Every structure is written in C-alpha cells, then in structure tokens.
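Presented sequentially are two complexes of chain A, the first with chain B as partner and the second with chain C.
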Partner chain A sequence: MTTTTTATRDSSGIRLFSWFLAKRLVQAAVVIAIVSVIVFLLLQALPGGPARGILGQQATDAQIAAFNHEQGFDLPLIQQYFNYVGQWLQGNLGRSFVMNTDVSSLIIQRLPKTLILALAAVGGALLVSIPLGMAQALRRNKVFDYVMTGLNFIVYSTPSFFLGLLLIMFFTQLLGWLPASAPQGDTVAQILSQPREMILPVLTSGLAGVATFSRYMRSSTIDNLHEDYVRTARAKGTPMNKVISRHVLRNSLTPVVTMLGYYLPVMFGGALVVEQLFNYPGMGLLFWNAAQTTDFPVLLGCVLVISVATVIGSLLADITQFILDPRARGGVK
Partner chain B sequence: MSTATLSRTAPPKSPAARAAHEFFSNKLAVIGVVIVVALMVFSFIGPLLYQTEQVSTNLMQADLKPGEDGHPLGTDGLGYDVLGRLMIAGRTSILVGLAAGVLATILGTLWGSVAGYLGGWVDATMMRIVDAGIAIPGIFLLLVISAIVRPSEWMMVLIIGAVSWLVPARLTRAEALSLKSRDYVLAIKATGGSNSRAILRHIIPNTIGTVVVNATFQVADAILLIAYVSFLGMGLQPPATDWGAMLTDGISSVYSGAWWLIFPAGIAIVLIVSAFNFIGDGLRDMFDVRGQS
Partner chain C sequence: MSTTIVETRQVPALKVENLVVDFKTKNGTVNAVRGVSFSVAPGEVLAVVGESGSGKTITSLTSMALLPSTARTSGVVEVDGHDVLNASASAMDAKRGNVVSMVFQEPMTALNPSMKVDKQVAEAILNHRGVSKAEAHARAVALLEKVGIPDPEVKARNYPHQLSGGQRQRVVIAIALACEPRLIIADEPTTALDVTVQAEILELLRNLVQETNTALLLITHNMGVVADLSDRVVVMNAGKIVETGTTVQVLTAPEQPYTRALLAAVPTLPEAQWDTVIAAERTKASFPEAEVKEIVAVDPVLDMRGICVDYASGGRKLRAVNDADLLINRGEIVGLVGESGSGKSTLGRAPLGLVPVTGGSITLFGGNALKASKRQIRTLRSRIGIIFQDPGGSLDPRMTVGDSIAEPLVMHGVDGRRPVRSVREARVAELLEAVRLPAANAQRYPHELSGGQRQRIGLARALALAPELLIADEPTSALDVSVQDEVLTLLLELQKEHGFGCLFISHDLAVVHSVSQRVTVMQHGNVIESGATSRVLQHPEASYTRHLLASVPSPNPIMQKRRREARFALLSSKDS
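So, the complex of A and B:
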C-alpha cells in the first residue's frame, strides 16, 4: 500500500520534473535564438556595415563591394542571418581583423583565465559571506548587524575600479606587501604560478561578491528563522545551535546557490573592469582591447559567448532551485 | 518597534502622512535624502557661486596642490580647478543617472504591464525578449554601442536606459499578472473598457510602489554604469566629464601622491550611489514591497 503511493508520487514527481525541464530548455533555446538575432543586428548596425567594420576605414568602395559579394553580405538579410548561425553552430565566430586570428581560439585561450579569477573570487566571497550573513541574521538589528549592513552598502556602491585602486594604495604603496599588476602569461599554468600577483585582483572582485552574497544570506536566514520547522525543532528540545547548523544553514543556502547561476553576467561585467585595472590577460581584457581597436568580430564573439553562458547559468539555477526547493515546484502546473 | 512608536505618538491621520512617517523613521533613508540634496546643491548651484574655467585647459596652472593659488582642492594635469570640475562632473553624473533611471523605469513599466495584462503568447514573446536582453550583460553591450557611436550626454542616457529597462519590466510584469484578475480590473473588461485604459489607469497606478522603489535603485545603478563606461575609456568626450572620468584620470597619479585627484571624485560616487540605495531601501519599507534587492 505504502509502496504504491510512494511509487505514484515518485513517477508524478519525475513527470513534473521532465515537463519543467522540457519547458525550460525550450525557453532557453528561444532566448539564445533572440540573442543571436540581437548580435546579428548589431553587426548590421556597424557604420558602413560589417564590411567596413572588418576591412577598416581605408578600404575603397570597390574592395567593399567585392568583399560583400564574397562574404554573401549582398544576400537578403534573412539568408545572411542563417549563414551566420550556421557558422556559429560550427564554432566559427569569425576572424579578428586586428590580431588576424580566429575569434573562437582567442576566446578559448582567454576564457579559462577569467574563470580562474572568477572562481577564486566567488569561492572566497562565499567562504566569507555565508558565515557573515548568518551572523548578521542571528544578531538582527544589533550594532554588529547595522555596521556590517552599512559596510556592505558602501562596498556595493563603490565602483570596483575605485575599490581596486584603494587596495593598491594600501597594500602596494603604503605597505609594499603585494604587487599591483596581475600575473602574466599565455597558459593557465603560468598564471597559477604567480599566486602573489593574483591576490589583489581576486580581492577586488571578491569584496564586491561579499557585499552581494551576504545580503542574500542574511535575508534568507532571517526568513528561515521564522519557519515553523525551527519552532517545532525548538519545541522538541533541540538546542538552537543544532537547529541552525542542521536545518537553517542548509535551507538558507538554497537561494544563495541558485543566485550563483544568475551571478554570471555580474561576474563577467566585473571581470571586464578588474582585468583592465590590473592588466590581467583574461576575456575581459580581450574585450576591452577589442573595444579600443573597434575589433568588432572579437567584440560580438565575446558578447555571444557570454550571453549563451548566462542563459545556461540561469537554466542551471532554475533546475537547482527546482530540485532543492519544493516550493518552487508550485508554479509549474 | 513600530508598536512602541505608535503607543507613544498619536497615529498620523492620512495614509500619505503615515507613509511619510514610516519613511522618515528610517534613519538611513533620511541620511540618503540629505546626501542627495546636498550633492545636487553642490553640483547645480555650486558653479554659480564658485566660477571656474572648465573648458579651456591651462597648463601654467597644472598639478597645483590643494590650497595653492586659490584652488581649494588643487588642479589636475590640465590645469582644471578640481573643486569646480567636481561640480560640473557631478551635474553630468546626477543628470544622466536620473534621466537614464527614469527612462528605464518608464520603458520597463509599460513593457511589463502590457505583457502581464495581455498574457498568452504576447506575454511569452515579450518576456523572452527581456530574457535575451538580460542575458547580454549591459556593460558589454554599452561598450559595443560606444565603439560604434561616441556618446554625447543624451546618447548616454538613451544607451543606459536601453540596457536597464529589463529588470523593471520583469517586476512590473509579475505585478500586472496578479493585478489583472482583481475585481476592479475585471469590471473594466466587463463594461467594455479598452485594454489601454485598464493598463494605464488601473494596472500601472497599482504597481507604483514596486516601480518607485526600483526606479531609485535604477538611478543608483545608472550612476555606477556611467562611471564604469568612463573608466573603460568610452565615456563622454572631453572637456565634458563625470565623476567616473575624473576618478579614472586620477588613477595615473596614484604613485605621485596626488590624493585630491582620486578621493574627491571617488567619494562623491560612493556617496551618491549609497544615498540612492538608502532611499530605495526606505521607500521599500514604506511601500512594503518585498522581493527587491
């Protein structure tokens, strides 16, 4: 009897999950398709069209016409769009006309370095902000909470390049402890072999993360402290610190874990600024250099890759939330 | 805490007075208002009282220390008076931030309320466009657009507005979705009222709490975004400037010890952005809006 009910519930759970997954995957595909249209339209919006963008300002009209014909830019827009998508699907993002290299190989070379910086920053930020947010929630509206909330607000309102500058002034100029320039090198191994150079870039992007994550952790802990299960556990005589370490911590982490998926665009945006400030050879610096030289294939290739990563990130976040938080399943039906 | 306040003082009469009471009992929000007003007076009225040359450079007067030759905050590498420059830079940061924040809010509110009210495939299409927009981080799009057209102040407002309307659109859409099944909205439909009447007269006014709170955060974010764009070298054309551009110019003097080229502009940004965030937080308590950060 009991087994049948469990079995039915399980299979309906799986059906619910498959339905949710299918719906979300279709949505993600539609969103990526719209992103590709936006990137295509940006390419069309270049002054003089993509030919001028790729051949440069010195190209003659005849060269441009020849190039347009050769590349199929004189075809109807719809057909051009599908040609592009075909290329993108094969991993061909075009050629940088400044560096004369495949955009995809440039990105493959730079992206891991940005991910290392981001992972170190996000990981460090989580290690600090999870206990910090919980401590604030447990001392809600006490002096400690006010001071930390105020500090978080200030860090959150500080442009990261100002934050980085302050760190350089303090740790490099005043104390002389840390170098102000990031690790250099072509390979990931070279980057990793210069940990001292890594500290300031990681600290700069990590601090901004602490400000965001600890706010989330604080409010989700506060919400959970008011849940019935806390009262029940307390009424049954469980000591408060056990309730917190066993139940509240786990449940409060759900929104933070979910948020990590949505944090990708913030992370890439932050990388853009931090890499420029410290001259760290990641994807952000690649993008920035391309903006200086109006290297549009690189700019648009980066935008495409980052956007697809963002869509996948939020897809994973939604799936994680669906699995971890039963309440999120209500909205599916 | 609120019960204690109520027992001591008589409850204010009108809802507006009660809301004002709620807002002004939030100390940080009041500090936020004071900071915003002070910085606006500084940036808009300041240049009338303290007139300086901010268009032509004057290399004879370059790199003066604070207090030298009648320059309270010194001069920069081009001879601009830093205090005066701080004022006109503030004017740009505040004006562009406010205008872009308001533009984003109006666009987002209209988009979101239409999507939520109409529902069905219109809603699905409109919201997937929002999802796609959110997937492209604003700062990247801003740089691509700035690489195509070097922005003027109003161009900057348009571009920042164009990358920032997505979040208010999502928030308003969620509100509109729940409002459209309320009796008073259904009554409009039943009596043959038009969709635009329902949206403009009933849906949007009822989302006002969410909209106003978010608008405040939008302004804060817009001011930060301008600073980032300037830092990335795609900001306004000199001699126009904003606090982000001033701070960026100051970075090169970090080793020369010219603190007056770094701290005034940097602190001004932190102050104005925190202030708008404080005000947004206070308004959120006042309107009792949940789920915004």
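So, the complex of A and C:
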C-alpha cells in the first residue's frame, strides 16, 4: 500500500517535471523569437544601414542600391526577417560581409574559446566564493566578515574593463609576473597550451563572480544556520563542524548552483569587454569587431547564440534545482 | 524496603538549581530565567507550563546547552549527574543525543529537507555508538518501526517532505530515542499537529516513557497535554516558578492565583456522554435527539448550499470542498471546525469570492452572490468583516494602526463618499473604544503592540463598516490562552452589541464551544456533521466527530483519563 503511494508520488513527480519542462521549452522558443525580432529591428535602425558600413563613405547611391538589392535589403522588413529566420533554421547564419566566411564556421571556431574562458572563470570563482561565503556566514558581523563584504562591494562595483586595466598595471607593469595579452591561436589546444597568458583574462572575468557568489553563499548559509534542522542535528550530538559540512553546506548550495545557470549569459556579456581588453580570440571579440564594421550577419549570429545560451542557462538552473532539492521533485501538495 | 532507599538515592535525570539566564541585547540585559529550581527523576514526566515569555523554552535549551552565544547563565544544571553549564563543547556533543535528547515543536522544519530519513536517524547512532553504517541503518529502521511508522523499510528511504506531519514528528522522536537517553526534553511536541495526530503522539510518548524508564521533561502551554502525560507540574511565569505539585493537585486544586487564572482562561469542552456515544458507535445507532431539525433559516445573512470548490494543480483537479451546506442567521455565531486540509478555510472564503466555486449556490444578504456583477460583489464585500489568524501578518507594518482601521472606510466610502479626515479620525477613535483600546493607539505601528492588541486592531478594522457578517478565521490560534480568553470575550460582547452574524473558523473544539450556538464539522472537504453546539459536542452523530472529541485532551487529569479510554474504545469499535 505504502509502496504504491511512494511509486505514485515518484511517477507523478516525473510527470510534473516533464510538464514543466515542456512548458519551459515553449517559453524558451518564444523568448528566442522575440529576441531575434528586437535585434533585427535594432540593426535596421543603424545610421546608413549595412550598405554604407560595408561599401564605405565613397560609395555612390547606385552602388548602394545595387548592394541592397543583391543582399535583399530592399525587400519589405517582414520579408527580410523571415528570410533570415528561414536560413537560420537550415543552420545557415549567412556570410560575413567583412571576413567573407560563413558566420556559422566563425562561431564554431570562436564559441569553444569563450566557453573555456567562462568555465575557468566561473569554476575558479566557485572554488573561492563557496568557502569564503561560508566563512563569512560563520563569522557574521565580525571584522573578517566586514572586510570581505567591503572588498566584495568594491570588486562588484568596479567595471570589468577598469578591473582588467588595474590587474595589467599591477601584475604586468609593476611586478612583471604575467603577460598582458591573452593566448592566441586558432584551435582550442593552442589556447590551452598557454596557461600563463590565461591567468589575467580569467581573473578579470572571474572576480566579479567571486563577489556575486560569495554574497549568495553568505546569505544562504546564514539562513540555513538558523533553520530548525541545524538545532536537531546539534541535539543529536553532531559537532558543529560536521553539522556544517553534512547539513548546512548542501542546503546552502542550492540557491548558488541555481544561480549559475542565470550567470552564463552574464559571462557572455562580460566576455565582450574582457576579450577586447586582452585581445582574446573568442565570441566577445568577434562581436566587438563585427559591431565596429557593421558586419550584420555576424552580429545577428552572435546575438542568436547568446540568447540561446541565456535560455539554456535558465533551463539548466531549473534542472539543477530539481536535482538538488528533493522537495522540487514531487510530493507537491 | 531496600528498593525504596536505592530509588531515593538515584541520580536525578535532570537537576536544575537556582538557574539564572540573561541575554545581553543592544537595549540592555533581558532576564529570561530568574532563579529556577526543579528536578526530574528517572521515569518521571515533569511538565513545565507557562505562557510565551515565561522562560520555559529557555530553561529547556539550557539543559541541552543549546542557548545562543548571547546568553549568560549561572546556577547548577546537571543531566544524569553531569554538569552542563560548565561542560566543554566536545563534552556536551558527547552528551547530546546520548544522555539527553530533544523533541522539537515544528516537525516540518526540524528535519534536514535534503537528507533521507534513515540517514538522519542513523546519524544520532553513529555519533555515539561505534557501529558500522549498515548496523546503524538497521537500528534506524527498527527505531522507525518502534515509533509506529508504517512500512519503515520504505519510509526510511524517503525525504522528510514525503511524510505526513505526524510521521515527521515520529521520526524526530525516533532520533531522540536513538541512543536510549536518560532524559528526553519535548518542547511543545504536539503544538503543530492536528488534534487526532496529537492524541497518537501523546500515546506514543506515554508508552515509550513507561517502557524505557526514560525521564521526560515536557514543555507546553497546553493544559490538556499536561493532564494527559505528566506526573508533576511546574508552572512558570516571567522567568520564575509560580507553583509546583502533582499534576492532579495543580490542575484540579491550584494554590496560586496565577495558576488559577491561567486554568480559568482555558476553554473546556463539555464532557460527551461517552458511555452512550461508545455504545452508539458500536451499534451504529443514531441518537433520537439528532432527528430534530436544528438548523432553521430565521433571518439568514449567508446561506450556502451544495458548495464545491476545485483547485487546478499541475493539470489535475483538486476538490477542496465537496457539496457543503452552511447557514448563518443574523445575530448567530456558527463554528466551523476541522483539522488541517479539511476545507474549512476554503469554505469560509467562498462568500467573499476568493476561491473558485464550481458548484452550489451562495445567498448573501438575500441576493445571489455567484451571479453578482463586480460592482455588486464590491458592495456585498463591504457588508462582510474579516479577521485572520495572524494579527501581525495581516496588518501592514508601515501603516499606523489608525490608517489600517480607516482603510475600509476609504475603500468603500462613508455614506457613498470618501470620508474627510475628521470623519475618519472620529470613526477610528470610536472603533478603538469599541475594542477597548485607548484612542491614542491610532498613531502607533503594529510592531509596537502585543499580539492580543493587534488582534483587537484586526477586530476594529473588521467592524469599521458595521458588517452584517463577520468571518473570523482562527482568530485566536496565535495567542496565549489568557489573551485568547480576552479576545473571545470581546468578540462575544461586540456580537451582542452589533448583532452581526459570525462564521467562526477554528481547529479548536473547546474555543468553538465557548463562542458558537451552532457548529459544523468538516473533514476532507466534506461537511460531516452540523447542529446545535451542545448537541454535537455531547451527542456526536458522526463517527469522525466522536473520534475528534475523544482526541481533545481535557485539562482535568481525571476527565482526561476517561476521554483517553473513550478514544481507545472508539478506535477498537472502528477496527472490529
């Protein structure tokens, strides 16, 4: 009897989750569609349009008209938009005006490098911020906590380009320990073979993560330390350090890990500045250069990838929460 | 004879002598416990009773050395002969869960939500006994079985949220029992539970104490729980002991005025005629008195018939209320009773249009409330006053009390117009006077008031538009018993004065008995029984009502023994 109840609960949990996942996937598709429309319209609003950007100031009106006709830019906006979407669905993101290569192959070449940078930055940030946040929570309102909180706010409120410049000034110019330019190369292996060059870009994009995650970790640890189950564990005779490692850590991690998914797009946004600053050949630099040269297809392709990453990130966040928190897995009353 | 000598020489399970506990706060020192002495012998159940702020919980936490670091203690606390106040952290870790353990009030939050049940029980064993993990797991399952968890092998692998509230409290008790401690401290162990579940947990605790000769320190505000379980009672007030004695003596012949006043404030149920009730349950007979029509529409303010309420949840329909009837005449208080999940609050919200009514009819002040336009609903609502359980949560903390009371006046207008300031202020002063509070309170904020004062403010706000119907949803459940008594008395006086009809929703049968003329009992969304309060409580017709009444512990130990026997008799007749 009870076995069946449990089984029903589990299967109803899975059913609830599939239903939830299906709903989220539909939402995701809608979000991507809306983003594509907005980006498309924004790019249309650029002064002079892409033709002027590509052909330069000297181009004649006739040349521009011919270019527009060739590219389909003289068609009604709606038709242009659907042409783009049709191509996207076939995996064709168009060709770069400037570099004269397929946008998709550019992105395939650049995306892994940005992912490496982002993962290294987030991974490093987590390694530092989880123990830091817990340590602050355990020494709440003591000097250590105040100092770290102050540092966190300074780092958090410093723009990453400025932070990067400060790091270069300190580690490259003053101490001469680290190179100021990022690893170069076409393949991922080449990038990975230059770890010293990776340190400053990873630090620059990771420090803000340390500040963010440790704030979350601090407050969720404080919340959990006041939970009744901590008192129950103490009443069993579990020493405080074990109460923390066995009970508090996992429950405090849930909000932080959940937030990681939402942090993915933030990392992409940060890559724009960091990659430009250190000349790192990733998506951010690609986007930056494309924006400088009004390279329409590349810009659209990058935005598409970033919006898909955003949606995947928040999906991942929901799924991790489902895994970490048994209460989310069903037994919904 | 020699055994007596050995017994008197026995080390007490808990000895507290001259205990003083102070808290250092920003606003100075708070004296929480001021010189308290008592002891608990092995196998004895000592109840510490008192209202909030009496220091009873602080005393219990001191015995576990689990006080917050801001506390300063002096005196002597010994558990099984071991000093607690000066023990090192590691020495106390070795004692907690081993020599002394604790059962907490809130089973919903007392367990780690992301750890399986067996691991949480096994942890207590592994902390103190050098056994393998497999052995600890096997013992954990055996403990779960001992505390009456059905299918312990399966439930052991569940997470806490997959268990019911009663089962979770059984798990907490299993953890406390894990290492067969000399003393168990139970701090309001049944307060968060439904009354039928409370009766089961009390029975479990009673059997465990008898079986294991463990001493039990019972912290509670519920005199029924005291009467049911304890041998001796310590009454505390404002950090001091007021009275000590055997349970029968303190509860039936209290010496101190404070104890007498406290007991007088406890609402009591009339004793059901158990012999006839049990006989009727056995023969499935009904009482002839119940045939008489008890519910007559004289001048109904609310007449609900065949009400169904469905909630959608994850694509499924959940029926919260099923085919329920409820009638309230002008000038009448009707109690609506049930345990959690019975649908009583949902049914109470139906006339306000706050829940999705999917069937039945609602006649409100003679008009059809389900067919009313939005404008008409607004007008209808202005004729209903509402008062909620949590007086703190239902008042806006950033609004002065006066503004909160005046809000309905502003929303609905006075004589069809938005009242000017002087009219508003005059009305607020009038309402504050009606709920026996000084008019100066209008300028204060909710956090500056006590729980009882806040509930009076809630009452004043509900009365602002001179309602013809008052819906009170558990209005006194968050209050101490003496404050509850004051608020209930006030409610009855106001009802007499203004003559409104009142729906009084509560889980507490004794409270309902003290205010209402008629009562409706609900279970699982269904109306089980309706009728005159005295008839329903003394000659209950429905099997569920009988069981419910027998589960409410009486504050009189002698009566409680009878009720307990009646409950067993009812349960056994159900089984047979």
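The rule is short, and it goes like this: the second predicted complex is superposed on the first by the 282 of 333 C-alpha atoms of A that agree within 3 Å, B and C clash if a C-alpha of one lies under 4 Å from a C-alpha of the other, contacts with A are read in each partner's own complex, and residues count from 1 in each chain.
One rule holds in what follows: a residue touches a chain if its C-beta (ideal position, glycine included) is under 8 Å from a C-beta of that chain, and two chains touch if they have at least 3 such contacts.
Predicted model only: the values in this text are computed from it and were never measured.
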Chain B versus chain C, judged by how many residues of chain A each one touches: B
Contacts of A:Q173 with chain B and chain C, given as first, second, both or neither: first
Contacts of A:G269 with chain B and chain C, given as first, second, both or neither: first
First (chain B), second (chain C), both or neither touched by A:G237: second
Which of chain B and chain C A:Y156 touches, first, second, both or neither: first
Chain B versus chain C as contact partner of A:F287, first or second or both or neither: first
Parts of chain B lying in touch with chain A, wherever the complex brings them together: 28, 128-129, 131-141, 143-144, 146-148, 220, 224, 227-228, 231-234, 244, 247-248, 251, 254-255, 262, 266, 269-270, 273-274, 277-278, 293
Partner chain A, residues of chain C touching it in the complex: 64, 66, 89-90, 93-98, 101-102, 104, 106, 109-115, 120, 123-124, 127-128, 150-151, 154-155, 158-159, 161-162, 172, 175-176, 178, 313-315
List of chain A residues in touch with chain B within their complex: 27, 30-32, 34-35, 38, 42, 45-47, 150, 153-154, 156-159, 161-162, 165-166, 168-169, 173, 215-216, 265-266, 268-269, 272-273, 276-277, 287-288, 291-292, 294, 296, 299-300, 302-303, 306-308, 310-311, 314
Footprint of chain C on chain A - complex, ascending: 1-3, 6, 9, 12, 15-16, 19, 227-229, 231-240, 246-247, 250-251, 254, 324-327, 331-332
